[in-house]
């Protein structure tokens, strides 16, 4: 019996493609339905006052609130973009300061053993102190201005940046170091030509972590010691009992955090274009 | 001036009380192709690292052109077993890497890079990064980088270890071609006896740990060699028996 | 007995050796000197290191805000630990389920992705609004910060189990439960522990934030109290405490991990 | 005993479809040492995974003892590439998993596992974790594990690919010794021509992706133990190499 295997194969292929697509659509629709359902339940629960409106506001109201905040200063005395600018400025300043100081420090500590040995004890003392704990000292020394908040952000970003940079340069492939050495490179040349590029992926991992923590820190710092910024806005929402303002603040911060780490990833993909794509 | 390009005298290396190298003695003539074979775990890596001055010997000395070997002064070049192209450099940047470290003049680097790219047929992928290449092509880049520096001594540590026969034969012929073209002095380490007999002017056979040069075998067979010729097989079996542990 | 030489020092001169031993001490001394001179200059109310040390001892032996020091430390520890234990007990299985079951993942992954970019501290006002400023509210906020990294790491741990580990299991006839406990769990233990460690770091932050924003006890309260009562030593004591216990916890977890993963011991 | 009938496999992904196997039919004989030889990523591992039941073929069937099988089967065990040994289990625990998952009592399965650990020469390493074992020893664990599951067919997926040339020779001799001691059907995948000629009763050469059978070599005339420098050995090796395409890219 002669069978037409060409045809059987072609049929099997189409069947398999169909099955795969069906699966994909199934899981995608589950995800979409869940998100929509959550929003809907939330909206209806508020609309029919199943939950107290003192504690919740509906998604539509929150979005309205965000739009309203663009042109209204009430009740916290600032427009949305002013708050965003105030927070973002501090976050980026502290973040970049930590990068400028932390990356070289991590590199030197990772490469030069003496440097590691000297700095490590002091670093280990500072390392486990969360950035918020620095607030009293920073306020005392620098007041409650932009610089003070930037320094608080800095303390949080700094540790993550140093640690990741350190791990990165420490994991430099020994073979690549040997290549440079046999080519007659000095220790410093090897550091620049091999160590630093090898550490790059981990440096960016560290920057992403520190960017994430920076947005958390800024909210707390602004709640505690500031008269503007998104954290302040949320805190005011709390004081005036306006739930929609709190929720609006949370959402805006989430979006900003997302954009910021997206920016870091963007820089990463440009700088590290030599890395294999996943 | 000495007759030999490289002279190794009474080379010893101990790690604590563990003797790894013991009285290694051999010479390499200018432009010679030497293969080193030895049983697995015989201290091969230490042997190489000592030769390239990555670790200092416990006693004994390595002379290049009659002077003590120094990677800053002499041109030593190393092809490692694992792929060692810099992942962040393109193919042409990788080839120029060693020359730049040696501060060659810019135009000389450029012409030399072109020459090597041409010789190895890598012109097509000159702008590519290593992760975009196959393992064998990456190894070609590394070999090109090593030859480009016109080294006094080129050390190759089993560069074709994991490759299949066909690719290996091809790359072996390639290395012979480069060697002839550029007149380098090559020390090639391998686990594969057939490969050693195919490539070498002379084969150095290492003993078990602590390693020393057990036998220095000159192979006078015309190239390209026929791996099925009785003379070739005789030499191959001879070397194999000298190191066989399995 | 043979004297062991330090291989890192072998090829270096006396200057290097001097800094190798004296350097760390000198840097710490320089730090203390700087601190001392700032406080001596008198422009700000910074206590000198010596004064701080003295006060530290008196603080430990007396009461702060109606309670002994150990009470404040203890209550902070309790909050973090409660949140952590809850998050591990619930979060690890949750994360594993998300990696293991596609439907479960399709349901919960998008929700997590939406919540993830919001820093946990941002929830503090909302939670205090919902639950008041009681113990439950605080632990809930800390849980918010700790839960997320634990779930995400457990999930990605399962996702990144090499395909070959599953294949081995299948070929040798592993049932679902075998696969889960014998393959998936040990393979992703590394990632789970990494998650717990990240979570702990974040947990201290949220703890401080929640205690600094209107609490009557706890380390965060002490730090804030020091600031508002112009008693900076108290803040410094708080910093030292949280740093010390933070480090202690981190070491504890390293130890626990080594104990749980005997195959990693050298 | 094992029949592979017109198996084809296509992988579908967002980036596009890849035909891994075009159309392969093979009959495997009882207690035969069958080597599947092919270049780099030619789909030979996929083919082995299909036989093992780990990958579902797009079309075609696998028959064992005349009955079609789908999914994994007790009668088929596999030796994986170097990463196949569970690093969180000792050598003994690794070897016994086949019996453990089948519900064999601990005492009994330990006995069987011990027998095969001894056979592969790992006596005394029962309680060692894989990180303490050399590459060759890890592969021995893999072989013992496959044997302990007591299969009719052993599949081996480039088990010696990561070993150095000499250790590889040693392991080749080892696997032949074990095979002589406990005859099973072995299907061995490799990209190494020398290894194929050393081991196989038959060598099936695959083409580049998508894989097809290019040529079948019957080596039963080549006497065991084989010498890698005999003229006949070198001739066959040369012949196979000449049929292989050179793949650099």
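Structure notes:
All chains are identified by letter, namely A, B, C and D, in their written order; residue positions are counted from 1 within each chain.
One rule holds in what follows: a residue touches a chain if its C-beta (ideal position, glycine included) is under 8 Å from a C-beta of that chain, and two chains touch if they have at least 3 such contacts.
If you're wondering where the values come from, they're calculated on a predicted model, not measured in any experiment.
Inter-chain contacts peak for the pair A-C.
We define each chain's centre as the mean of its Cα atoms; on that basis chain B and chain D are separated by 34 Å.
With centres set at the average Cα position, the gap from chain A to chain C is 18 Å. Rounded to whole angstrom units, the spacing between the C-alpha centres of chain A and chain D is 46.
Taken as a graph of touching chains, this assembly has some other topology, since it is neither a line, a ring, a star nor fully connected. Every pair of chains in contact is given here: A-B, A-C, A-D, B-D, C-D. Across the interface of their complex, chain D is touched by residues 162, 164-165, 167-175, 178, 182-183, 186-187, 189, 261-264, 266 of chain C.
On chain D, the positions that touch chain C within their shared complex are 49, 52-54, 72, 74, 76-78, 80-81, 83-84, 86-90, 97-98, 100-102, 129-131, 145, 149.
Interface residues of chain B facing chain A in the complex, by the touch rule stated above, are 49, 52-54, 71-78, 80, 82, 84, 86-90, 97-98, 101-102, 129-132, 149, 155. The part of chain B that touches chain D in the complex is made up of residues 39-40, 133-134, 136-137, 140, 158, 161-162, 164-167, 169-170, 190-192, 227-228, 233, 236-237, 243, 245-246. In the complex of the two chains, the chain D residues touching chain B come out as 39-40, 161-162, 164-167, 169-170, 173, 191-194, 229, 231, 234-235, 237-238, 241, 244-249.
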